[in-house]
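Chain lettering (A, B, C and D) follows the sequence in which the chains are written, and residue indices restart at 1 in each chain.
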Amino acid sequence: MIRVGIIGATGYAGGELVRLLLGHKEAEIKWYGSRSYVDKKYSEVYQNMFQMVDDRCLDDNMEEMAGQVDVIFTATPQGLCASLVNENILNKVKLIDLSADFRIKDADVYEKWYGIRHKAPQYIEEAVYGLCEVNREAVKRARLVANPGCYPTCSFLSVYPMVKEGLIDPNTIIIDAKSGVSGAGRGAKVDNLFCEVNENIKAYGVAGHRHTPEIEEQLGYAAGQPVVISFTPHLVPMQRGILVTAYASLKKEAAYEEVKAVYDKYYDKERFIRVLDKDVCPQTKWVEGSNFVDVNFKIDPRTKRIIMMGAMDNLVKGAAGQAVQNMNLMFGLDEAEGLQMAPMFP
Amino acid sequence: MIRVGIIGATGYAGGELVRLLLGHKEAEIKWYGSRSYVDKKYSEVYQNMFQMVDDRCLDDNMEEMAGQVDVIFTATPQGLCASLVNENILNKVKLIDLSADFRIKDADVYEKWYGIRHKAPQYIEEAVYGLCEVNREAVKRARLVANPGCYPTCSFLSVYPMVKEGLIDPNTIIIDAKSGVSGAGRGAKVDNLFCEVNENIKAYGVAGHRHTPEIEEQLGYAAGQPVVISFTPHLVPMQRGILVTAYASLKKEAAYEEVKAVYDKYYDKERFIRVLDKDVCPQTKWVEGSNFVDVNFKIDPRTKRIIMMGAMDNLVKGAAGQAVQNMNLMFGLDEAEGLQMAPMFP
Amino acid sequence: MIRVGIIGATGYAGGELVRLLLGHKEAEIKWYGSRSYVDKKYSEVYQNMFQMVDDRCLDDNMEEMAGQVDVIFTATPQGLCASLVNENILNKVKLIDLSADFRIKDADVYEKWYGIRHKAPQYIEEAVYGLCEVNREAVKRARLVANPGCYPTCSFLSVYPMVKEGLIDPNTIIIDAKSGVSGAGRGAKVDNLFCEVNENIKAYGVAGHRHTPEIEEQLGYAAGQPVVISFTPHLVPMQRGILVTAYASLKKEAAYEEVKAVYDKYYDKERFIRVLDKDVCPQTKWVEGSNFVDVNFKIDPRTKRIIMMGAMDNLVKGAAGQAVQNMNLMFGLDEAEGLQMAPMFP
Amino acid sequence: MIRVGIIGATGYAGGELVRLLLGHKEAEIKWYGSRSYVDKKYSEVYQNMFQMVDDRCLDDNMEEMAGQVDVIFTATPQGLCASLVNENILNKVKLIDLSADFRIKDADVYEKWYGIRHKAPQYIEEAVYGLCEVNREAVKRARLVANPGCYPTCSFLSVYPMVKEGLIDPNTIIIDAKSGVSGAGRGAKVDNLFCEVNENIKAYGVAGHRHTPEIEEQLGYAAGQPVVISFTPHLVPMQRGILVTAYASLKKEAAYEEVKAVYDKYYDKERFIRVLDKDVCPQTKWVEGSNFVDVNFKIDPRTKRIIMMGAMDNLVKGAAGQAVQNMNLMFGLDEAEGLQMAPMFP
């Protein structure tokens, strides 16, 4: 039984980790870390866990936690994980960081986009970017996994085969992303009140969102060259789900079957990526609560562009689910353990 | 492995049966019956099941189905199950009817409230009302189970201990219920369009809703006398969930602890009923996707009334989940098999 | 042109006052008071008012404001209006208080339910309870109007004719109310985040909500005797709207036509109360954005009860609209000036 | 007083026409045309109009209607207006068609994208494309106005100044649009049920939506050359609102002030287009219920692209409001008559 510690267990991603791990046969949560709710019963913060979780919240002492668990998830704001991690901890436990601290290989880029000093640059190189479908083998051997961001996961997986196979010009990529509100976290902000979000859609972080360099870096590896993209996130009045609509210019004419074969080449054996049937557009509702990413594409001969689409649950494949998938790989378990639930509809 | 057939597999309750049974270790769906979609792939109707279900929809031939499965769920409009069932079928399979056909023991009452002739009154007596928490032993022995209605399940369980123990005057019971829209089914009706339901709440079926006699009958058994209640359902702009707020006059003064003990007496050992802590009001969101019913109460000394509350997911404990719970009992399985998922929040 | 000052102009009720007064031919807002946003452009707080309102927010100096305007609306939390009002102010301007400070005639009751000391008990007697349909003549002569609460307005108007005519036993009244989230204000609270409210319904303040004594007092005047009721508010995932479902025992058998005549007697000439046609249930969506209250009833011969229903927009007739209606009366204008917009659907 | 006839008065756009015209000082609806509800009281179909509209629905006999009114609005599916219009009618009344029948100047293009034969090609040339901000003078003289589509209105106005001034390469334009559900009409379709739309976002009509040629044609006039664009609409779980996020490559570097001056040049005097302040992104909620289009832009030096955004209410500026604006122009009234209401927030 893998003993688990969570730092940030009372945020939405932390709560989702708890939900998923309760259904995991090989893992057991030993430490519900939550600075804001120390000593409070976890099920009083998340009443859905009433009679399912009896533990009280503990602090976020990573040092002490490392002595009691096998793996630590940090589901906290940027900067915290980097400020806590050290060699002693990494020698004792595996660490899966759901924040952005170890996602970007260039510390300068991190500091520029996030506006904070990186407290543990010495671990950036070692950290494995935990996109299982791309870095599976490296994840298996990692001590420290940087769990990908929600937008980057959905964005990258939607366009990856086309970039990797060189079928599109990567610098023409425009990613228009739409997210539910849980991505913004559980903090009490006027902007996320029901009355502000309901009956509303808006873009935000236009031409400046922090997930941009993360997407660009990963696309760069796939393309074998630096990539610069447009990325625009939007806030949608729903609690879960990310939809990505990506546009790019085709390098040459391509038939549906040809492109389909490319997507299948990369995703056919993947258990959490579903390439939909022809002309079926991904919808966030069809993946809600599950670890699936649904992807598809449409070739537009008029504009010589391809439109690539992806949908996933931002709290599952975009955060907690992918983190559990990484944990499974790191501990040699079935990659899908605890993640096989069907999407909930409606 | 229990072989399962579903008639009405493409309605919302049918879809939920599929979701739950995919996670059930001892059951396997062999027949996806759907008159409207015969020959269509099930996963084209419910795209969430893409790559999870490969079967195509079949018709609703109960006779033939009975030869191929061990249990049949009918998740269809009133009247269909009664029109299909016969001795030959009941000798071969167990039958769990999610419609109202066998819930009410008095065929005249059924015909008056539902406005249709009962086609198989000879089985009414035999049918067991499948409220597991009350009729557990009878369910275990049943061939034919009448799966309770969504409103009756939540209404009854919210007030049952008080009625059974004679602490309230049952004829003062007023049940004000609120439901999400999935309870209205997947039929294409203007009234259930997003633009009609969103930003709206309304009562319907006032003083005449069909679930009234079902609730009254069950309360009558608990009270040991005929009971007449007020029952008003409301439509709430959410997809899942039922909340019941019930009012009744206390027969005598009662302290919190006394009433709490009464609720605990009936529900303490129940795995799907959670009596919440003092002053915590049930919320539908805390049970979403799960088979839980959360109940609680508040004594009002000013009015000498007690307010009893219950929340559940109408598609799970109010339909498919309770049906699976009944199946588990009928086949001697762990009552909670396939039903242990935590509620999803948010 | 009536010069208007608003204290609390950046709350939801304050924002609605601005919306309504911009469409009012005889009024002009001279003072946008908002302690939290002093010096900020109003249209930066409420971007919907961009290019419609050029003013900046000012503080809440009622004394100074009284020298510059003809009427002051206080759309602020309980206690503030009472702490600011004095004879000097009341000699200069008319005052319409949207808080609860002057709604309850018994200061002890106010202090008990609201948990604060009343700072200006000397004006309680003088203050007129601004339910125009009941106190129209008194409002016309008032210096100080206590604008009714949202729940009390809808609750009272739904049952008033039946109580006034003595057709129901007032102590059997049970009011089950459902409100959209804007009633909770624009404060940044976790409980009102989109992800907490969406897909959720809950009761709150059970057997203890502050609007209870306000409803009881007004019902007491109508009944000519003290009245004690059950009142339970619920939070519904919508931004605007209140629906009231009220239950009471009929003193004697009553036919539809008889009760309809009673409702018509009180409401037939009212411009903002619509008694719906037989069997049509009020819906919040049908009054959204307007000053209407839609009411109707259903007699239940089985239980000898009557179910009375009312729907309104909590920010209009439940707050800002009613306040403007009061202003119109106080200044001798057409009662409906600025309030004649049709409800918006969908 | 202008006498108005509406064909299709019971669709959502028709209902919005009624709402707006009830607040219009110079217009009076004389004919509520609705084939589906002939003889039914209009306020029974749209209960929000109870006691505001007493008329019953009539058929869609345009010939007869033309004898009784001064202007006819057709808020009906494609093809109907073209099948009814004739010289006799156009000699008697002004005609504002909210369908696509007369928007596209090339009948072949119309027939190809809409899949129907055009029944009155002889009027295509004469019809004026009713985008008031661009074709104001022509609208004033028109007998027949083609009211622009919802997506085209918002899309075109968001990018128009940049195209007209030649600052962007028009063939690099990518329009990612998001709409509320009312745009899909009031027909009873499973896809538009609350449970299908809620908690969901999806693209549809990818690389093939009918509004594409309409946008391209208008952009072509502005650019002085044929334009081919990518246009992708999405369905968002809200009732009203369209948000457009448009991308294009800048022909040369441009500073914020320069681009702002270009937008101001075209929109500064427009009463219904608001160019927002720097870095403020349009949100649909800020224009809800009003005739405003809010636009803004963001220059991205990294990609040498500009992101242009627009938000409006699809039923007002995207349909009924724009139609009333056209009517005002055609009859020499103040262009803003009946359209000056502030947006409703929340």
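The rule we apply is simple: contacts are C-beta pairs under 8 Å (C-beta built on N, C-alpha and C of every residue); 3 or more make two chains touch, one makes a residue touch a chain.
Just so we're clear, the structure is a prediction, and the values are computed from it rather than from any experiment.
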Worksheet item: What chains touch chain C and also chain D?
Response: A, B
Item to complete: Compute the centre of every chain as the mean of its C-alpha atoms, then state which one is farthest from the centre of chain B.
Response: D
Practice prompt. Mind checking the centre-to-centre distance between chain A and chain D? Centres are C-alpha means, answer in whole Å.
Written response: 38
Practice prompt. Indicate the whole-number Å distance between the mean C-alpha point of chain B and the mean C-alpha point of chain D.
Written response: 46
Worksheet item: Using the average of all C-alpha atoms in each chain as its centre, how far is it in Å between chain A and chain B?
Response: 36
Discussion item. By the touch rule stated above, which residues of chain B touch at least two different other chains?
Written reply: 12, 182, 195-196, 198-199, 237-240, 283, 285, 288, 346
Response to the item:
Listed in rising order, the residues of chain D that touch chain B in the complex are 12, 181-182, 186, 188-190, 192-199, 237-239
Discussion item. List the residues on chain C that touch chain D in their complex, please.
Written reply: 12, 15, 18-19, 22-23, 44, 46-52, 182, 199, 239-240, 274, 276-277, 280, 283, 285-290, 294, 340-346
Worksheet item: What does chain A use to touch chain D in their complex?
Response: 174, 176, 178, 180, 195-196, 198-204, 206-207, 228-230, 232, 234, 236-241, 243, 245, 247, 281-285, 288, 298-300, 302-303, 305, 307, 309, 311, 346
